[in-house]
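Here it is, the structure in full.
Per-chain numbering from 1; labels A, B, C and D assigned in written order.
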Amino acid sequence: MAIRYLDKYPKNLAKSLWVMKPTIVVLKLFIKNIFHRPVTVLYPYEKEWIPDNYRGRPGLRFDKCVGCGMCVRACPTACIKLIEVEDDNGKAVMRPQVNVGRCAMCGYCAEYCPVDAMTVTPEYELAEYSRYDLLYGPRRLHYEGTTEGMEVKCEVTLPSDIANGNPERRVSLFDLDRPELIDKKCIGCKKCAKVCPVNAIEMVEKGVNDKGRPILRPVIDNVKCISCRNCVIDCPKDALEIKEVL
Amino acid sequence: MGELLDWINFGSDPMANAYYPFDSYNLPFDIGYQLWEILGGTIAWLIDLIFPGNSVSTWLMCDAVSTLLALVVFMLLIFLVAFVSTLIVLWEERKCLGRMMDRRGTMVGMKGFLQCVADGLKTFQKENVVPAKVDKMTYMWTVSLVIGVSVLVLCMVPLSSRWFVVDYDTGLLIIMAFFALAPFFILVSGWAQNNKYSLIGGMRAAELMISYEVPMLILICTTALMAGSFNINDIVYAQADSVWYIVPQILGAITFFTCAVAEAERVPFDIAEAEAELVEGWQTEYAGMKWGLVMLADYMRGSVSCSMFVILYLGGWTLPFIGDGPIPEIVFLLKAYVVFFFMSLIRAATGRVRTDQILNLGWKVFMPLSVFNLVIVLLLMTGGVI
Amino acid sequence: MDADAVYQTPTVEEIASILPAKFASVKVTKTETRRVYATVPREDIFAVCTYIHDNLTFEHCTTLLGVDYVDHMSVVYHLSNYYNGVMIELVVDVPVDDLHVESVTSIWEGANWHERETWELFGIVFDNHPKLERLLTPKTYEFFPFRKSYKLRGSE
Amino acid sequence: MSDSIVPVKEIEEKMDTDKMWVIMGPQHPFSHGLWTLKVQLDGEIVTDAEPIVGYLHRGWEKETESREYPKIIPMADRLCYCASMTYTHLYCMTVEKALGIDIPEKAKYIRMVADEVCRIQSHLMWLAAVGTDLGSYTVFLWSMREREFFLDLNVKLCGARMTTNYPRIGGVRNDTTELFDRDILRAVDRFEKALWDIIALIDDSSIFVSRMKGISFINRETAANIGLTGPAMRGCGVDFDIRRDDPYDNYDKVDFEVPVLKAGDSYSRYMIRIEEMFQSCEIIRQGVAKIKALGKNAPYRVKTPSKVPAGTAFARLEDPRGESLMYLVADGTDRPYRLKVRSPIFTNVSSARLQSVGVRIADVPAVLAQIDMCLGETDR
């Protein structure tokens, strides 16, 4: 590649002792701008076109959300909180609430949402009169006109796939890691089954213990599981462990 | 007693007045005189209606008093026209600069003209802040003097042979003398503000002045030499008779233009208020309306610089082949605006020079150029070309 | 390998062999492409740095940083060569009860502010530093905020 | 002196002419950000100077110690508002080095292109600052206008203008979008034309050139010794660019020139950056061609373990402003034990005294604009 600017400049200073060329350049733009519009966008009246993947405030598709809490854990500014709301059938469910005042618009919640319920939205005019108004509840997070482009997919390629000569396979990050039971530690408390947002864990009886009580062990449905790690975090005896597929 | 119309002798010739203050016909005084005839006649009639047969009414309408009070109206008129033309200059710069920089410029009403009014109102509403450690008297007085001198010199520029304030034989010199006064006040003001930036800014204003003033005066003298007079009327009509002086004095015109930019303290010679290093230079401690007035004074000086250029090199209010024309004032102002457009262009196209560079420029470039220009003019005159 | 010669573009292998040859206390722990990792006892650091600067032509001290390993502290030097892009990482362990290291500001002026920063954040004193004052934190601070003993409010 | 009628020296001694300390900053038009430069003036000439930084110290490095690795990526964006992409890139490179993994080719090229977009945009920001520091608002607005097209590219690539949050540990966040593919070459072609206009405004104007030419000389040895890096260093004659001499992320597979000037004055430091923008355009063109050649289905992100094995790692790259380096001490958990950022400006600004002593106060902004100040990374 060639040096392009340094070959032309610096020129002899005596040759450029005038301000003629800059003046002509400016005059050219001036004459152009008499007929054309300047590039300024008159912001409140005109708005720039923004693409679908623009990262404004987070949006939520209420019916798609399973309340797994991945967004809460992925949020770097800790602005998301799970609160209890009534869904359309009047049932109490956990859904995220976003404090937009703290939101850094990083898009992590949309990226780490296993069911693509969280989206990014192109809404960026978020000023409110009080801090309380900046709390966006699950219903308020809904964005009219959510399109497919607003979902952020988190697709990865496994290093093992690349090593095996299959580099074009892309897997969703949430189809890979599955919790694994360490049988010795489990006490059969059913907590994992309770916290699982997609009911992928079923407690199965596996024989009877010394006192004659049934031994309950979780069995994980790998198809249903969204690798949200709720069971791992909430296990009182650390009997569940995420097995990372690499 | 009498009818109202008896008191108002509208349409009388002011020059027939024994106390007529000018040597020749003066349009703004004429307008002022007629206005006063209406106004004063009404007042006199009213007073006479209440106190019939008093002497105040007749005194009001006597030659001396009506001249005096017509002069007040005349002054207001002169100031108003000068002020509005300054606002137009301000608007022109903001709009043109905006377009040159690929933005829109002012947008408020009348293609942005009302932005000047809005800014004036805004600065007027601001609190009058006087910093605690300034030298209060000097601080207040110097800014008033800077503005006062600028207004004075703005009003003294004649717009045509019939629109003038003074018509002395040394009119040009008087204008230049008042024009050159402001840097002294700026220097004092920079000291009075008790601020290091202001102090440096004030020093720089003085430094700037000694660099451009001498070549500028030489150029003015050259023009006066060509026209054979310091009288502005004579200079303008001498150009109308022969040729605009920009043709024989093209070098001088360019030099004068540059000096005029420096005189008005505009980019690239705004070293006294260089915002990159001196925040706002000598204006740092002025806030609110004081700052607004200082800014206005800046544009007034810019407008005067352009007017001087028009008078000296562009034939003033005359047009080639036409002469005075029906409205010479408008011609004059339009010419000034065109010159000011080039000032805006220079402002958009250049940066700020350094203090030592402007001194070098003034004494090593402008000074020889102006002397060279003088020599050319002398050669032309001895050769009988002009 | 002549240890006293001046190398303008020393290769990684040359550095890895010269350094321990010249200074017995220097241990080269790892080498990669254009990277040399070594540990130096703190008594020798000034001599080693002078040698690296003068004889191996490492003109640039990229950075200098402290790490608090609780039981001891470390000062890590990253030195780079402008002729072939080789970097040397020197690790100097400092015991907690005697946090003193010789300053290298006289060799690389660029290390000046990095040493000041390391001092104010970790409390590692650089001897013979021209101006060891607080730089980023207020002058009134009397503690060293980046030590592990200084807990953030939210982290516990 | 001796034969003048007035004993000048004597008068000067009696006049008690003190030197004046002027404190420029933290709120000053020339300090682009919050920092202070104390200058000692003898008349208009600077005789001494002392930079003061730290107004923006957030304890960035300490704060990372309490966050998981992916959560530091948005934080790394906030290190520098103009060059956010390079810092995120650097952080990801460091963690990948600690993990000992290699990322896909396509991710490397995308990162490279994104980095160069970021470099152009950062240099334009610098050009704008130089314009205002030299008293021309036109340069400022024209550069900002051009910068806007590159910020739009960022939006099309990853959805955000400045805090991009785009590279990930193990690759990049998403594949290049259709809009990005469509617009990038167009934007680059358009930019090159517009840049010549800005160059005509500055380099063909005797005012700008005489303001920058011949002031604040730094020779090669001093530049290397005081730790000046980046374009400022190359303007002083040090022929070193990490992209070429210590290549990372496929910079060795594209063809570009590293501009070096020996003059060492303010103007040469300016010219290096202008040339770098042209070279960045070249790199972008080649990089986009390489991405196209790799095809749509090439992997762009590999899965990485969430825990980093204990050990240390460092990586460095060529920031728009100079050499930046991150040093990571991992202890086997999902949070870093210590993360150190070597910011180029932190060292460059420590040479402010050397650069500004001897120049006039009018030139202090013009000289220090060549550092390209950004306080987010300086104070961290």
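To be clear about the criterion, a residue touches a chain if its C-beta (ideal position, glycine included) is under 8 Å from a C-beta of that chain, and two chains touch if they have at least 3 such contacts.
This one's a predicted model, so the numbers in the text were calculated from it and none came from an experiment.
Visitor: Name the two chains that are joined by the greatest number of C-beta pairs in contact.
Guide: A-D
Visitor: Which chain has its C-alpha centre closest to the mean of all protein C-alpha atoms shown?
Guide: D
Visitor: So what's the Cα centroid distance for chain A and chain B, whole Å?
Guide: Computed value for the inter-centroid distance: 63 Å.
Visitor: What is the distance, in whole Å, between the centres of chain B and chain C, each centre taken as the mean of its C-alpha atoms?
Guide: That gives a centre separation of 67 Å.
Visitor: So how far apart, in whole Å, are chain C and chain D when each is placed at the average of its C-alpha atoms?
Guide: Chain C and chain D have C-alpha centres separated by 24 Å.
Visitor: Return the distance between the CA-based centres of chain A and chain C, expressed in whole Å.
Guide: So the centroids are 40 Å from each other.
Visitor: For chain D, jot down the residues that touch at least 2 other chains.
Guide: In chain D, the residues touching two or more other chains are 138, 145, 201, 205, 207, 210.
Visitor: Please set out, as single numbers or ranges, the residues of chain A touching at least two other chains.
Guide: 19, 22, 25-26, 29, 39
Visitor: All pairs of touching chains, please: list them by chain label.
Guide: Touch list across chains, by label: A-B, A-D, B-D, C-D.
Visitor: Okay, in this complex, where on chain B does chain A touch?
Guide: So the residues of chain B in touch with chain A come to 96, 98-100, 102-104, 107, 345-346, 348-350.
Visitor: Where on chain A is chain D touching in the complex?
Guide: 1-6, 9-11, 13, 16-19, 21-22, 25-26, 29, 39, 50-51, 53-55, 74, 76, 104-108, 111, 120, 152-153, 155-159, 162, 167-168, 170, 173, 176, 244-246
Visitor: For the complex, which residues does chain D have touching chain A?
Guide: Residues 67, 70-75, 77, 101, 104, 138, 145, 148, 155-156, 158-160, 163, 165, 170-171, 173-174, 177, 179, 197, 199-207, 209-210, 213, 255-257, 259, 261, 267, 271, 274-275, 278-279, 282, 297-306.
Visitor: Can you tell me which positions in chain D touch chain B when the two form their complex?
Guide: Residues in contact with chain B: 20, 22, 24, 28-30, 41, 44, 131-139, 141-142, 145, 201, 205, 207-208, 210-211, 360-366.
Visitor: State the interface residues of chain D toward chain C in the complex, per the touch definition above.
Guide: 53-54, 57, 59, 61-63, 65-66, 221, 224-229, 238-240, 242, 245-246, 312, 314, 316, 323, 325, 327, 329, 337-338, 340, 342, 346-347, 350-351, 379-380
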